[in-house]
């Protein structure tokens, strides 16, 4: 396995063995995240956020800082060069000179792949269009492993917007490398994209439904995402489904005692605040896990760890 | 006295003894601010500015940099998660994972207090609503002590907008812990909030007036703040008072020779530029004092100094 | 030669001997830019960008990071203090307290000079109005020297908008200190400002024209800049010239084999993407050269190198 110099454009670029190795290194980052390290001293990470995302950006910045490196970048699409009409390929060929690794968030699918073709330094996809968010998928896997002790053998329910949420696409692909059973719960309009479900169906069992209740008694991990009103052509359509996709303590009556609830955040009202105090909630722990996962990835692709 | 892990939500959380100790440590930071230090190496400060404030943000960033730490954060309210409707409590529970200390500026009173309740790491209030700006009050006290050699026994005049200025509220509270006499000069409409003047009146003498001239011969420290036109319902009302609250060299004829003039900055035209060259002006020195004060606070609450 | 503490407001502040020395130190920075250094450990660079410029800002940030220093600053003109109406002199007298060196980009000519008069720390002009961009001129000289082995004796063609482009103004002045022949190619409306061409004409030969073809067979360095439509009062005027100022592979038929093409970037369509793959293209190398040039300047004015 060779990670040094590699891009992280898609979760599909990794084998199960490679993902397992990343998760192992992530575990080893836990004490380092607390003590700090000089492992990446002198290394510069550039954050190129053509779409705002405070959390993901801060998570990468915290990760490289904890390893002794520094950051430069921009967090707004309205930056000078872009306003002047420069294309992405030129931007990448400029910015790669400033940094040892590029972290890119872009509204268009394929942007990270394009960037990785032009950059001589590694490019990490921090979300491109509705398609991919590979580092989120890795931190989600790490959270499951850390909390449940294993990934194989679990029943995992993905609930909410499975059509436009890049997080669930990358996660579903990643999970299909493990021996899991996947329940997919969404309104008809927001069902998992056919291309994603077709691909993972070849490897694991998936069961689709429109209500979470039927799957709860069997679920080990419940992964919730937000349903955005603007996805519905008709407000009446939205009104019909929205109540069904809100998780409250009463919804959890039939859940397994050790079921964990995850969410990529930010949430609006799809998880009631009362749920935060139940033993199921893990969504704030995911944030910490995101830092250690990104530390592991940075250390690997910058060659500080083999 | 224990500072490690403490929040700095309000100046009212500190006793006089604690403030005196902070001022002593601030003095000790002066040479370190020039030479630099590794005291906070590996520590991350997150700036969460829901309201823009370049000066205060840069002052904190300079302070942690000078102690060897690093910063992450945002300086605009229009950041992704917030646009998506996330509440402050969730934002705090996320961001506290990224950093060792949070610095929060927020348009609402009580925001810093709320944040400190949710965060496991220390929260520093960098201005919340019209209510509080405790680190500004501390740097103001440090400036007075450094310039006049003492705080007890001084006559201090606060002039300008005493109603909406958070700076003067925190400062007036802080000064009431010392043996000072306070002159409060403002237009009727912008008099010191009753709740503030009532509280400090129990401990020290305050005299209110609408013109600075009568107090100048007795004043040791003249603290000027800006009067914003938008505070007046009627432009005619504003026109009436504005001339009175502009400080020029001729206003200072009757001032004590060693009287110092302070201002939290930015100024617009409430202090004439001619005053900058008089021996009274100290407002640009306050900026430097702000860095050393914040270095002291960071070193204390992060446990680098006891 | 003394660089410590000096401002870099204009390229005109430097003698040829000084520029030659800067270019020599820049060469020495090449290995350091790859390995990193602690030469400026503890030093803080403040970027004050009143006009956005992602590239120039990131280049300075990368430069100080590679020397072990840190950055603070703002990249948007809509920052708090400025909105509140503070003038530039006050802003500078505040910000100089936070940093060891200020890097200023401002829409007005003369802004950098004004700032350098108020600041006790060195100020670097990162572009002011249409007038000056001295660090770009230095990196351009360094690129020519690195690629051609010398500057004296070369024929250099500046092509595009020679009237409003600050880059070409600073570069033309800098080149006039060397024994070069300058060809100036632009539409009539965008001819080199008379004050610039008059000044350099005293020292070197310049030949003006409106088409690049006639100069290509003699050109060693072709420096292309963008022509902006908004400079033309009449869209028909723009339509007439635009085709002439686009560089394609066929334009290069009569060029010398070892002619190099430079561009300050970003480009829009004035250099065809096919040209990128010819042996002439050097514009992306300029970006790297910008980092090492700025490292040299920072090391010199902050006194890390004599």
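Every chain is named by a letter (A, B and C) in the order it is written, and numbering of its residues begins at 1.
Throughout what follows, a contact is a pair of C-beta atoms (placed from the backbone, for glycine too) under 8 Å apart; a residue touches a chain by one contact, two chains touch by 3 or more.
Being a predicted model, the structure only gives us computed values, none of them experimental.
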Shared interface partners, meaning chains that touch chain A and chain B: C
Interface residue overlap between copies chain B and chain C, same or different (over half shared): different
Equivalent-chain rotation between chain C and chain A, CA atoms, steps of 5 degrees: 120
Chain centre separation (chain B, chain C; CA means) in Å: 40
Sequence positions of chain B contacting 2 or more other chains: 70
Complex interface listing, chain B residues touching chain C: 35-37, 51-55, 58-59, 61-62, 65-66, 68, 70-71, 75, 226, 265-268, 284, 287-288, 291
Complex contact set, residues of chain B against chain A: 41-44, 46, 70, 72-74, 78-86, 90-91, 93-95, 97-99
